[in-house]
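The chains carry the letters A, B, C and D, assigned in the order they are written, with residues numbered from 1 in each.
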Amino acid sequence: MAGYVLQRLLLVIPTVFVISIITFVIIQLPPGDFLTSYIATLESGGQVVDQAQIDALRAQYGLGEPVYVQYWKWVVGVLSGDFGHSFQWKRPVVDLIGERMALTIALSVASLLLVWAISLPIGIYSAVRQYSPGDYFFTFISFVGLGVPNFLFALVLMWWAYSQFGMSVGGLFSPQYADAPWSLAKVLDFLSHLWIPAAVLAIGGIAGLIRIMRANLLDELPKLYVTTARAKGMGETSLVLKYPVRVALNPFVSTIGWTLPGLVSGSIIVSVVLNLPTTGPMLLTALQSQDMYLAGAILLMLSILTVIGTLISDVLLAWLDPRIRFN
Amino acid sequence: MTTTSETGTPEAFQPADNGAGKAASYAAASEWRLMWYKFSRHRLAVICGIIVLLLYVVAAFVEFVAPYDPEAQNPASAYQAPTRIHFVDADGQFHLRPFVYGTSSQRNLDTFELEFVEDTSARHHLSLFVQGDDYRLWGLFPSNLHLFGVEDADARVYLLGADRQGRDLLSRIIHGTRLSMSIGLAGVVMSFFIGIVVGGVSGYFGGTIDIVTQRIIEFVRSMPTIPLWLGLAAALPSNWSVMQVYFAITVILSLIGWTGLAQVVRGRALALREEDFIMAARLCGTSRTRIIFKHMVPSFMSHIIAALTLAVPEMIIAETALSFLGLGLRYPAISWGVLLQEAQNLRSVALAPWLLAPGAMVVIAVLALNFLGDGLRDAADPYRR
Amino acid sequence: MNKDKQPSMSRGRMTRRHFTALLSGSVVGTFGLPAFVTKVLAQPTSYNEAPMLAERVSRGELPPVAERLPAEPLVVQPTNEIGVYGGRLAGAGMAPETTNDLQIGQATGLFRFSNDLREIHPDLATGYEFNDDFTECVISLRQGVKWSDGEPFTVDDIIFFFEDWKYNKDLYPATQAVWLLGGDRFGIVKVDDHTIRFTFPQPYPSFSVIHFSGAPTEPYRPAHYLRQFHPKYNPDVEAEAAAAGFNSWQAYFTQMADGDSDSPHYGVSNSDMPVLSPWIPVSGDSQRQQYERNPYYFKVDTEGNQLPYVDYMTVEYTSNAEVMNLKAVSGELSVAGLDIQLLNYPIIRRGEEAGGYTTKLVYSERGSDVCIAFNPLHPDPVLAELYSNVRFRQALSLGINRTEINELVFLGQGTPRQATINETASFFDPKWASHYAEFDLDAANALLDEIGLDQRNGEGVRLRPDGQPLIFQLEYLPQEGPKKEVCELVVKHWQELGLQVDAAARERGYLIQRLDAQEQHATAWHVDRVLERPAYAYSLDGKLGPGGNSIVRYAREWQNWFNSGGERGVEPPQDAKDLRDAYIAWQKTELGSPEYEAAAKRVYDLTAETLYVIGVVGQAPQPVIVRNDIENVFKRDDDARLWWGAANWFWHTLNPEQWFIKS
Amino acid sequence: MTDQAMPADMLLDVRDLRTGFALREGYVRAVDGASFHVRRGETIGVVGESGCGKSITARTILRIAGTSDDSLAGKVIFRRSSGEVTDLLELPHSGREIRRIRGAEIAMIFQEPMTAFSPVHTIGNQIIEAIRLHQSISKEEARTAAVDMLRRVEMSSAEKRIDAYPHQLSGGMRQRAMIAMALVCRPQLLLADEPTTALDVTTQAQILGLIRQLKDDLGMSVMMITHDLGVVAETAQTVAVMYLGKVVEMADVKSLFRDPKHPYTRALLASIPKLGRRAGEPLHPVKGMVPSPFNRPIGCPFHTRCPSAMPGICEKSMPGKTTVAGGHTVSCFLFGEGDKAEEQSA
């Protein structure tokens, strides 16, 4: 087991390295750089920026150098903990990400828990009672959940919450709590705001996971070990939960690796619509304005999350499944 | 046979071969007939298959099916609510043929909204095959015949209401069907090709090749998609038309999207290569390519077909998301994603909720395709009924 | 201090070139009546301060209010009533680098324009004086004004701004046009701590420092603070910049000077830099910017209460406009105007009661909320010739159904008009607005037939003289107003004329690239800064000037030709040269003089004749939401329709320092 | 309950058991009137080709066949250890009552011990669970009992192996563990569903020996389901031959092998390759294929393959059970139309 984990850990390093290169290349893909879009902003506002000025700025920001030099500087900085300055926000990248990270994780975890709490029991129900009215109902609902574009759902939900309950819109706090220190009231306020984004983020995931769980379990239910357990005299519920669900969880677990970063990056659109203080909208604007150090840092972080997520799910899988563990 | 005969499920009685009668035709049927046989018993899937077929028929004849030109604007009917279909007129008289009243609009000087009043003096009956806006079917055949509408050119019927320019939403949704139901297919096909080849090779050969492929898949999967879209979209030649760009993006999507299928295929192939008939083929000295394409691919065809129908709705959803990011289709193209993007604002949600109707179309298409896919998978899976 | 040297508008030394209330229309000619002299309010004898400051004074953290204020603080007449201290203003913006309602309120200026933009008032400066031939301008500063850290505000801060920043070759290899006159820098002489003299190589009555006053361009920076980041004063700055993680001292300096886009007080890049504005940026993150009252703010109300009334401000950044609008409608924002969309007016109006706010419609102040310019230098010579043909442009202007666009996009509330000066200008002539602005398909078709586009292909598309179908794109930036909505309709109208034209939304950087490469067909943007005063000071480089500006910079190569004296670029046609000459002539006249009016009329006659920029609908109203507990924003029972005037670069006209929150 | 009179030495009496599955393709009669009985301490061999319904019969006894209650007919009368006699078919299939019987009084082992164990739990976990389902003892006690049982099935280093996962054991070991799990509650009846089919010949013999020995030690009855007549000969005292869901012949093992009556039984016996068979001498497989379960023949189910089929008789109706000798019954028109006294109700 330890050897296995170690082996997987060692693989992380080259993976992250390659990802960092690709990340940097992706950011550099669009023509131009931050200054191009920055100057475009100035010019569309009516300021005239001379080419000489642009060249000078480019040199000042170190944007004129070849990509590999920029990459090298960036990597060296990152390794020493310096993620650089955001051009757009004019602040250190570490601070920017830091102030949004906690809420991003809170939101991701909340929606992840919501997804699991809802999709697991429904998936099990749907499989055990295959082709029952309940199964059809949940299948229908989950396909609807898959089909509704979540950005639209977010806007409708926001409008509904405002027009029906007069809820303050967008964000994760009411204005009066936004800067208040943490208190019980603030926590409650936070929770009252959390449900909309969590629900919107969860809905697509729930649908998907119900389908996965149902299919996995349907594969397991006819297996002989289920019959064995039944022949031992086990009750149906505890039997299903102990054996086939447990085995069906394995492929489920392997999705964790992509669920974690998926919730962070997949929530970009929803976060933009709902004005959530997460890294998603920041990444989007950073990419659009080619704020490369910020975008690079967030992307790198996402990639590392993915790699870690995959690692976690591999380890979990090994822990859950002795067949993997002992081979 | 013996392996499955003990599982306590109906498979125990699946015949390998048998005598005469109906069962004989059942057993002797070709794989495709067999699939169709099983599929036709899945009633929901059949209904959904018909819906999908209908969607494609509509997509083929949008100009005829849509009552109006999807771009015909009308300042007097901006944000007009769906027209009420009447059977009973203002005098309380019943008419067998449904009809609508003309509407006139006036601007509310306080809120600047248009307010609509029904003019009950004249009835306009709905009829089939009416003459209306000119169009060219498939850009070739000029016509002005529309499936339905009102005869009187002055009265307009907005079954799903009108949008911000007073355009008929129903006509726009119908026109959107063509793009939404078709444009993603190329990308899907491509990602399938990659997925099958890579997954098949990985699963068939196993060993080092498999490990390397697995790492690659893991790596591709860990690429964040939205930045990739943004980056690649910005890097596309800028003189490309909206459609070209979108097509390119779907191809890019497919370059990321093949991993899921590859893993399914790999798993199947890994299992299959241990199976007797593959062993037998190998022992007979059949070439590897032939084994993969002649023996292994058909045996996971079911998954492929099902995954295909399931991937199309994914493309539809991806298209709406791309439209939101400004990377998908854009004006003047009409797709459900474009229509939803237009509805993505407070005015639509608060004042003209009927503009969210394209969302319902997405849901219907996704549902129909998914159930169809489920049905096909069940039908094509020799181990499941 | 050399008090005798100081120019002033009083004490009988008044000349017509003194700082005067140059009312652009009605009061033209009544020189010698300085607006602020008539408006000078009795100086209060004692001063009050906000409780939160009094507390700090009592703790010994601050000097008493009288010591913090100048000897003669600026007295502000509250819009409606004397306010009470305290509270917090809540606002929202899209991002730190874009303007928002509250941040505009933060702007300061040497001078300040009246709310109707007709008068000029003293602010940080107490007066200015030109010499007789307008080659010199002396500006005198208010004495005793202090930066928010308590340091005095002096002429050094202006000199630092110019000499060490804007005129510094390392920071600005190419000086911004606004700080140049005909390519030459201003001469700057420090007369004393509170008097500065600018000299010009040629007459400059429309001197940018005066006429941009109150604009986001504030010609001063806290020298005492910023010197530590400048190599002239701190030889170690290069090393310090590197240590702070910057690539160069220039980047470091720009960051510390709070941005290089001339719009200060974001507080985003450096909230430590002292300011002169009513509120100090105290803390900010990527979600919101916080402000706190400036204890050294130099204005008081008529009763001697130091302003501002409101203690704190918060600007929250929202990721999209819908959230911003919904926030406003739900009553979360104290004031909201800039990002509120007219199309949402029905929702806004309906939500007033529930949201506890009142809506006021103000002018967008745009001469045309969407305007269109064709590229006369298109690489395709056939198209270039077509786009250069004024009759083509006239035909296309006639082909636009402006009434329909007004109904569908502006809820019938805008004015269908050509792109020209705002109708409030003293010299306004209605014919400029109606010139080829009617919808006349027959006339448009006739004109197109006339200029050789009379052949059509099987699909009814007109053929160019070389037999190709006439295909082009109308390119726009889907930002700042209903560009998408208007362009989609305009191309439909043009399609009726037999032109195969599409509307194409472009990404900002890409569109600018195309404009720089002079590759665009036709672009759409808006015409702003067309109120009289900004037009006078600015519009040679504005959207209606020869060659255009911003997204409607239709002929960059002409501008290169003009700017290089004919060395680079493409020689413009005679009408463009005439237009430029007309602008230059206008800017050399003195505001309000008879020559001024004639020159201005010449400019706009030419603008209409050349029709380089086609207007669609202008002067559309802009909803402004004011929460019912915010007082003194608009004058009661007053139908003035001006808000911040962001469209004119005339900010801070509503004196937010005297807004207060009713308990 | 109802009339369940049963001789005292009778443990299980299956009377005219019928069950089936409703599939989309039609109704499958998996078991179509099977009757046999199991005496105490006896091993009954149930023989038949794949798909003849022998496995389903066993599972229906335990009510874990997954068929619907509607399809059930007949009786499965079982004498519980308390002496009470119960018709198992009348118990709710997931009720408490039948669950008390499963594992504790009737246990079952399967052909493939690999898939019959959950791959993600240790065998100890699964055996201990079996104990604790029926006996309220602590985990430690249960573990001791499990180790004991593993020793009894001759599992070497049982204390260690108890924490092994199924995939860590060899096939024989797994089947031993399976048997241990089945017998750990000392059931009266063991349903062994082809317990040795998946094993190599040596292991097969060991396992059969083990079952035989444990049967004697524990005094239980065994229902040995197999398609292998050799296994039957080795272990059973009584044999029931099934064809298409029916018991076509039942007899004690000696008379069956010596004097098989039913043509199907004869065909089966003839198909066994005999030691000393001369090279080139053909094997005699049963002719034809098992008919489709959707389309079973009318009349005697075997008539389509029967060498002695009598036209006009066999395809017309179903032969009844005829007693040809003491304890030897056969259902074939060659031997009569059936005992009139038989309680046949179909």
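We take it that a residue touches a chain if its C-beta (ideal position, glycine included) is under 8 Å from a C-beta of that chain, and two chains touch if they have at least 3 such contacts.
Protein identities per chain, from UniProt: A = ABC transporter permease; B = Peptide ABC transporter permease; C = Peptide ABC transporter substrate-binding protein; D = Dipeptide/oligopeptide/nickel ABC transporter ATP-binding protein.
Keep in mind that this is a model prediction, so the values were computed, not measured.
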{"item": "Smallest number of contact steps required from subunit C to reach subunit D", "value": "2"}
{"item": "Chain pair with the higher count of C-beta pairs in contact (A-C, B-C)", "value": "A-C"}
{"item": "Whole-Å separation of chain centres (CA-atom averages), subunit B against subunit C", "value": "49"}
{"item": "Between subunit A (ABC transporter permease) and subunit C, centroid-to-centroid distance (C-alpha), Å", "value": "41"}
{"item": "Distance from the mean Cα position of subunit B to that of subunit A (ABC transporter permease), given in whole angstrom", "value": "26"}
{"item": "CA centroid of subunit B to CA centroid of subunit D, Å", "value": "52"}
{"item": "In subunit B, residues with contacts to at least two other chains", "value": "6, 8-9, 234, 344-346, 350"}
{"item": "Junction residues of subunit C, two or more chains touched", "value": "322, 326, 329, 510"}
{"item": "Residues of subunit D touching at least two other chains", "value": "59, 64, 110, 112"}
{"item": "Residue ranges of subunit B in contact with subunit A (ABC transporter permease) within the complex", "value": "6-9, 44, 215, 218-219, 221-228, 230-232, 234-235, 313, 317, 320-321, 324-325, 337, 340, 343-346, 349-350, 356, 359, 362-367, 370-371"}
{"item": "Subunit A (ABC transporter permease) residues touching subunit C - in the complex, by the definition given at the top", "value": "31-32, 36-37, 39-48, 50-53, 55-56, 59-62, 82, 84-85, 88-92, 95-96, 99-100, 155, 158-159, 162, 166, 168-171, 175, 178-179, 271-277, 281-282, 285"}
{"item": "Contact footprint of subunit D on subunit A (ABC transporter permease) as seen in their complex", "value": "223-225, 227-236, 242-243, 246-247, 250, 320-323, 326"}
{"item": "Subunit D residues within the subunit A (ABC transporter permease) interface of the complex", "value": "59, 62, 64, 94, 99-104, 107-108, 110, 112, 115-122, 126, 129-130, 133-134, 165, 167-168, 178, 181"}
{"item": "Interfacial residue positions of subunit B with respect to subunit C in the complex", "value": "71, 73, 75, 78, 107-108, 110-113, 164-166, 234, 238, 242, 326, 330-332, 344-347, 350-351"}
